[in-house]
Structure formats: C-alpha cells, structure tokens
C-alpha cells in the first residue's frame, strides 16, 4: 500500500527502504531538502513541500511521522490542516504517550485517526527489521497491517517460543497492537526503561571486572583512602573484550546488547574515544515516573537512570554538601587527587 | 581424552553426555548410587566408589567436580588423598573464587593442579553448549583444551562480531582462560551478578506494564493511600506475554533471558504457580562484595540483590521500624489491607 | 490578628490552640460538627456552617485550610464563592505544589490571594511549634507574619548556628517565605522526601543490627539458601532499643527521628503491633518526580520510596517473574518456607 | 582512675582533656613528639617512648589506643610485649570488628583484655561528650565504667525518652556495652553506615531544591538533551542556606547533621571551596558487606556508599561502556558539553 514518510533521518529513510523493498510505495518529505534528495529508488516519490507531499498521497492518506521527539508536535500541527477526514497519522518516534492521548483527542475532532508506534531497532533495523509496539483503534490498526508486517522482522527472526500453539499472533512477527492510543508508546517507553537497566547491568559488571586488578596497583595510604583489606584477592588483569565475547555463546546473559558491547570493544578496546558522559532521551525518565505513579518499585531502572544523571555531573552540588558536612563534623579536608 | 566426573546432577550428567558425544571417555561417580546407575552410554564407565573412580582414571587424572557449592570442599578433601602428583582437579561449580585461591595453594603443596571453571548454560547446556570461564595455570589449561572445546557451544553458536580479524580466540568458541586460579569463578561471579540485574530489569519493566491499568481499578480513598492523580493516563490492560514475545524480534532488549520469560508466560500467563519468594545463591552477593572492596559503584546489581532479600521477607523488621516512626510523629496507624 | 481555620483534625485544632494562646482570635469550622464542638477556649468562635464561618470573619479574611490533601480542592471550591476581593486563603496541608500554581491563578482572577504553607511538626507541634515553609506574594506573606511567628517554634527552639550575624531572619524563628506560590509546598515536599530517606536509613541500620546474630541461628542447608560463610562473625544479639537510646547523646546521627525511634522501642521493644506495611502519602513520590524532571540523581530518596512500595506488596508480580525465569533456565523451584 | 592514651590527634587529645577535667589522670604518648609536647595540663603525664609510657602506668594498666585504623594493628603489636597479664587495651578507633575478634583472641592467650570502643562525636566531642559503643567482657567493661562515664555526654545531653522508667541504663548517659568483643565496633560501623545515608538524604534533597529553578534557565535543544516538559513548574530560586536553617526548628527532619549543614552554608553559601570528591573511610563499606552477609536489604545505605564511589570517578569505565553501547545501537555520539 501507499505510505507517506515525513522525516528522512536514519530511521525514516530506512523504514522507506524496507517498505519499498517489500512492494509498498512511498511519498517522502523532510524539512531538509538534501535528505529528500538523498533518498531515491523505485516506488519512492519525493515531495518538495508539505503541500506537495499531501497532494501526492491518495485518500485515505497514511502519514508516518518520524522526526525527533521535540518537533513531533509542530510537524503534526503543520500537517493537520492539509489532511482530510479519514486520513491516518502514525507517530513512529519516541513521543511521550501522554502527548499521544492529547493529540489523538484533538485529531479525532477533525476525523483524523492517530496511531502511536514505538519503533525499536536502531541503526540495524533496515536489515534486521524493527520491533513495533502499536497503539490505536482496532480497525485503523487492522487497515495498516501490511505496513507493519513489512517493517517488522518477521517470524523467522527468532526461534519459536516453546509451548506456543499453531496460530502465530502478530507478536511472533515482531509487531503488536498493544491497546488504545498511547499503549504503543507506553510499551516502548518501558522497553527503553528496561534497556537503560540492561545496559547499566553490563556496564557495572564489566567495571567490576576492570577493577579486578586493584590489588596489583599501589594505593595511597592516607586517612581519606579506605585501604584494600585483601589485595591478594584482586590481582586479575581481565581482558574485558574477550569476556564480552565469550559470554555471547551459551551463557545466561547473552543478548543483543552484549553483542554490541563485544563489537564496541573490538573497535576500541580501551574505549578511549568516550569520556563517559551518558545522555538520556526521555523514556528512562518517563518509565520511572510511571512506576512512581503506579506505586510500583523500580529500584533497578531508576538506579540506571540516576547513574546517567551522575555521569552528566548533576550530583555535584549534592557531593559538595557531603564534603561540607564531613568538614564540619570531622574536620576532613577533601582529597583533591586520587592515585587509585 | 579421558575425564572423571564427580557429581551427576543435571549439570554433571549433561556435561558427560556432551563430552562422550564428542569422542571423549568419561568415568562417572556420585554419592547417590541411583544417579550413577541412571547415566549410561558408550564411553561412560561408572564407578561404585571414590576409590573405584580414581582407579579407573589414567594418570595424569583429570577430575571434574560438579557438586553443590556447599559440598565442594568436602568432595575435594575426600578425593585428594587418592590422587597423585600431576593430577588435575577442575571445580566446575559455583564456588567462591577466594575458596579457589585457598584450595589451589593447598593442592599445589601436593603437586596437584587446580582449575576453576565457571559454567553457564543451565538446563539448556546439553544442547546449546556451556559458556566456560576458566582460571588456572597456562600449561594445565592448554592440556585441557580438548575438554573445554567439546563442552563449549562452538563458534557457530553466534554470528561473528563485526570487526574481529581472522584468528578466532577460544572466546569465540565460548570458552576463555580468564587468568590465574580464581579468575574463572571471578568472571562467572560477575556474570551472575549481571544476570541478577538483567532479570530484575525485565521484571520491573513488566511489573510497570502489568500495572498500566491502575486507572481502571477503583482505589481506596483514605489518608494512608496516595491518590492516583491521572487515572486516565493508566488505562492500559497490557498482555504481558505478547509484549515479551514481540520484544524477541528486532528490539534492542532481545536476549536469551527474554526468550525464557516469553516461554514462562506461555506456560503460565498469570504466573500463578509462583509466590514471589526469590532465592539467591551466592554470586550476586559476592559480586556486590567485590564492588565494595574495589570501591566501584554497583547500584543496579545491588538493587537487584536487595530486591531478592526483600522478596524473602528480610526487610520486615526495617519496615516495622518505619511504621513505628510514622505512628510516633504523625499518629498514623498502619493500614492493614490494601485493595489496590 | 484574626484567622479562620477550616479543618479541625489534630493539626488544625492544635494550630488554633497555639494561635489563641499567643493572643490571636480564631473562627473555626469543620464538616464534622463534633470536631467543632470539641474545640473550645477563649478567643475561639465556632461556626456552624461555611456561611457562618465566613460571616464571622472580618475583611480582609484570612482562612487557613487544614484538610486532607484529597479534599483540599473541594474545600476551596466551596469556600471561594463566599469570599471577597482581598481575602486570603492559606493551604496548610500537604498539597502538591503544582495544584497550588493552578489554584492561585484561578483565585487571582477573583482577587483572592493564595498562600501555600508546608507545615511540619506532627503531633508534637502544639508544644514544639511548627516549622513553616511558605509560598506566595511578598506583601501577603508580610501581612500574615504575626500568624506565622506564633505558629513557628521560635528562635529559642535550637542553638544558634555558629557564624550567623546579628540580624536573625524568620528562618531562625522556624518559618520561611521560600518564594512565589508553590515554593512553600515544594520545599515541604522535598522535606518529606528527605524524611523518607532518613527514616529508611535508621530502619536499614537497625535491621542490620537486629540480624547481627544470624551466626547463632541454625540455617537451612539447601541449594536455595546461600550459606553464611562466617557464622562466627555474626553472633551479636544486640538490644536495639538501647542502641537507639545511646545514639541520642553525642553521636553524629542524633536527630528528632531517632528520639522518636527510641521512644517507639521503649513502648514496644519488639514492634509486635506493626506488620510492616508502610504507607506513603504523596510527597516522597513527588520529590522523586521532581528529581527526574530536573535531571538530578536521587538514588537514596527513591530507594526509600520504593522500599515502601515493596512493603505494600507491589513488587510481587516482578518477583514472580524472577521465579519464573529461574525455573526456566535453572530448573529452580521456589522455596516455600524460610527458617532463617 | 588512671588511663594511658596512645595517639594524640584531635580525638585522642580531646579524650584526655575530657578525662582529666573529670578527675582522671592520664599518661600520654604519640609517635609524633610534637603532639606529646603540645598536650599539657594537671593530671597529664607525658611519655617520651612506648617503654616510658608503659612504665608510667600502674598495673593493671588501661591503655586507650586512638590511632588511624591503618596503624592500629602495628601500634598494638608494639605495645603488647611491654604489657602484663591483666592489662587492658581499648581500641577507640574505627577498626573493623572482625579485626577485633582476631586481636582479642591473640591477646587473651597472653592474659591481656581487649575492649573495642566505637567513639562518635567528631570535633565537637570535647564539649558535647562522645557517644561510646563498647564491646568486651562484662567484668572488664564494669571496671572501666568511670572512664566511659566521664567521656560520654551524660544524661542531661538529651531530653529523657518518654516512657522510660526510673532506672537509667548507661545508654542514657551516652555509652553502651553492646556485647562481646567486636560488638562495639559493629554498632559503630552501622552507626556510620546510617550516617552515610542520612548525609546523602539531605544532600539529595538540597540538590533537588538547588535545581528548582531549571525552568528559568535556557537549555540546549538537541537530540541528546531531554527537554524539560513543564518549565513553568521549576521556577523557584531557593535559598538553600535559609531552608537548612528553617528546618532546624520544629521540623521532622531536624538533626545534628542538619545543624552542621546550616553552619556550613553560613560559612560558604555556594560551597565553592569544595569540588565534590567525597572520601569514604571504611565503615560504610563494612556496613554494606554486613547487610549482604546477613541477607538483609540495604538499598539506601548502599546507594549512599555508591554515590561516594561515583564522586571519586569510579563509575567512569562503566559510563564509557554505556556511551559505547549507545553509539553502537543508535549511532549516538557523546555530548561533550552541557549548558544545563
């Protein structure tokens, strides 16, 4: 079927490629004309403007919006006046599900359908397919099924789960209608919250392995440094890259994130290109907010999130308060350098 | 080559099966005669006693000990007097690496080699192969290479990591000599620490999804219950099993643990057979101790560990202290039942 | 000066007593007529209805609303139509500061001033005075100064902070104008977030002391119980009540919460009257939400919050997922009883 | 009675001053001759060497060792050969209670008594008295009672706990015999673990208040910065020093640590003299280790500990792993500067 794509960044462009490869036709547009120009292929029609974009789409139009979360609102606002009753907007980005709820309500007044679609897969999605978490009305989602099926990885992407009976649901193809509007981005939000914690789990573990040789290093002896009680127990210089690789086969903790970690360590064994400032892009925060609202504990996911804030320097004022207290009650001066 | 296996539980028996299938010969023994009797096959010789077991092995003997962590010490103590200079003991269980260090030193005085081998793979190892994390002296590990190679999953068990050059290290076959004695169990310990956190990450996330419908449920209105501010934002009854399944294909959080979670939810969608008391078996604790000794933060792994302690009821006294404080300063009585 | 109090629960009634003792006159009202009847004294005028209440107040009226957070909105809605331009509403409860912002805007359109006043002190406030954290417009707060001064503990309630110069700000009397509308409840919210964490700090520590005798108790020996490696290191039956008491004098961790803990342990050394279900009343949640919004780490406060959710049973589904995973990969059955 | 003090740092010297002021006589020694010379007063006899020190003490000698944890072992080793059967060594420093257990056993073979005494009070102890947590044999502790009574703050240091009956135990004077050898340092260890968490609670809360104005600051708009959804909700420039001060009177979170925080903020409102590198000195680590050994959750105390490790830069490798993963799956480059 025909689909219009607004936003031709890495994700949007690859979605178009994956769709047209599977027989769909696409109309494409981006505020950046160069991005439009760069995307060519059979069944791809390029639009010079939003008006042109809308004009090239047959009714009922299906428009997939794949732009940074910060500009989704404006993009949809610009688009809506050009659409007609019965048209469909799919927000494939990382929007906050509460924004979906507000947007869908406003669009419904104009007779336009809204679908939220959490899209996971990163830079590998073109080849691997994208995992889709979808929210919206039943009939609209059913109408869009051919689109989702083409984008998703397909049933062969993983071994079948033991115990499942014959009729495969769409979840086995890698896409799922999760519920009413917002449900898709809600599930994607939690997906990313889990992702934060999985990443932190590997990072913490590898950090512990990296420091398994602290007993071999001489350490400052002063009142502000806790002595290592058993230096002989920490004399292992571990090759982190090899450990990441060996865990990929047969271990309980094998995963796609571990595959990527192993790849990163092959590229740059000491990770010298990185400073350790880790951004966060919203979903980890929203997952924590949801846990708090629901009254459900999320100590692991929130610890992962707070670790990112700390990497951004945001604990600094708190840490200075701690130093000030220690100075007050114990006369401790801050230690300025650390040889460990 | 020939290997003697002591301990024919699920893990030991499957290791023997995997070894003999690959051309090795095994002598097997277990304190439980029924377990010995149950294990039959070409190239498997059963021993009636520890003496018989040792007698059936050719010198230099290779003995793999695969017994619960609590009895490893006793098993090795019983075995050692029967061994000779040059024999090798492999501890394949989940021993604490510090015990390895002590044991290896004592054995070295008698001319016996000690190898620690962290073995991951669980009940699926027979088929999938086991990921092996090995510690010990170079020449001994080299001598045992055919054993490890047969047990490990092999290079085909995962797609090759992008960027690796031609010469595949053993880590690409799924086994790794991590360093001197103890290094194998150290790496396995951290592996399990990571495992705790990965598991908790999925569990927390799915719990948040499970409660995404709290806005649909009526909640008590009293001073001891925090009201849900935005009930309309939490009206998603999510099918957790389908979500686990859809994430298996194309998502960033696909993993073997997720595969197992999906399988568990197919078997028992409501997990009614479980009460939620989660045991811990040592490695998560030891990983946390290592992080503390090294002075390295492990907020995620430790949160996962403490979550297990809480599931075992070990926060109860602390919680009663909290209730007592609240009663003191605010006159708050404990709420005895909860309808949420 | 004259003040009207709506809500004659423990807090409201004691505020009235404290105000009238210091020369102010109060008009009092509560939806519960018995509560109105119970409060008598010189300078206290009881109102039979909201209309009566408003009629008894001189213009510009000062109305302090001291009702449970859940009914603050309704109480103010009922009150507003009876008020006139220039009247002042003080919300002394534990409202969410964002609600203040909305309310103040709506009231301003009617010419009514809104002041938010976080009030800490619990059941001891009548005697000790209440710590007040206030938000609102400068001139309004200045007008209300005599009220706040009478309610607050006064400068003698604590030794003067070393280094402060002669001119004592109101903060040294125990009340503070923190900023524009909402600032008072914002500071009170964080106060309570800190309170959660302080309480959890003591509770965790005392729990560790309570278990300092685990080496004296026999423990199950099975694959699902981690053995205690050094039982001889944990043979201290500690008297928790005496420890709480000794820390009250001269220690770094002396505090009012510790005083209360010591009192609770005198009353009921084993805390048998408590089951350990700890409610939370909103502020701990809101503090965590604020930290997340601000991008500031709050691992300690959030851990305290999540500990309460766990005490309420809200980790149960997550824990059952963990048990299900362990069953899948390791064949582990849940341990149903625990002797430890 | 007579007491010998080894170690005349701030703590040791002040203990001597407090003891002699209360009628005891002291023999004093320090490896640093200048420290010995600096301490003068009636009832203080200065020793020129360890031999001289021991010679000046009457039998049975009472020796209080007050030296940094790292040199306690050596100090006691040097001292022991000079002592006689029946002499008493008190370790008043922050030793690990497990070391006490080992030392006491070795000393018992020589007929020397060992007492461990956790001493809290910091630089204010001379005036306020020190809170003492004591481990050792009953008769020895009883013998030393006059010493402990003089050092402790005394019953007047705090209001009596409501509900206590007439007979005041020593805990009401600020010292407590907690149990056999090691129990004193065990309780002191947990005291410090709690201290870490209390400090972190205040620091986190004040950090959240410090950032309550993020909505007033312009923030970068890019894919690597999560936008603030409700800038209007975070427009409070809070005076942190005034908040710390106001909480000192009447609030639930008043404490001695808060008093010190208020004092620190009077001295240096912006805490500019501190960089935020927070040392840890062992007890927080040991408390966490004890919790793990006991199988008791300590999420709050451990989060406080890990926060210190993070302030020391020890999360950096883990953070670089996270950046490497994000680069792999999402093509995200690290953001090098942050305007927030």
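Here the chain labels run A, B, C and D in written order, and each chain numbers its own residues starting at 1.
Keep this in mind: a contact is a pair of C-beta atoms (placed from the backbone, for glycine too) under 8 Å apart; a residue touches a chain by one contact, two chains touch by 3 or more.
Keep in mind that what you see is a predicted model, and the values were worked out from it rather than measured.
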Chains in simultaneous contact with subunit A and subunit B: C, D
Maximum centroid distance from subunit B, chain identifier (CA atoms): C
Distance between the centres, which are taken as Cα means, of subunit C and subunit B, whole angstrom: 43
Cα-centroid distance, subunit A relative to subunit C, in whole angstrom: 37
Residues within subunit A bordering two or more other chains: 122, 200, 202, 204, 206-207, 211, 226, 229, 252, 257, 263, 280, 285, 293, 295-299, 303, 306-307, 310, 312, 314-315, 318, 329, 340
For the subunit C and subunit B complex, residues of the former touching the latter: 10, 68-70, 96, 122-124, 199-200, 202-204, 206-207, 210-211, 221, 223-227, 229, 257, 260-261, 263-265, 268, 271, 274-282, 285, 299, 303, 307-308, 310-332, 334-336, 338, 340
For the subunit D and subunit C complex, residues of the former touching the latter: 97-98, 101, 120-122, 125, 128-133, 152-155, 157-159, 161-164, 169-176, 178-180, 182-183, 186-187, 190-195, 197-198, 200-202, 204-209, 211-212, 214, 226, 228-230, 232-239, 242-243, 245-259, 262-263, 266-267, 287, 290-291, 293-301, 303-304, 306-307, 340
Subunit D-facing residues of subunit B, complex: 252, 280, 285, 288-289, 292-299, 302-303, 305-307, 309-310, 312, 314-315, 318, 329
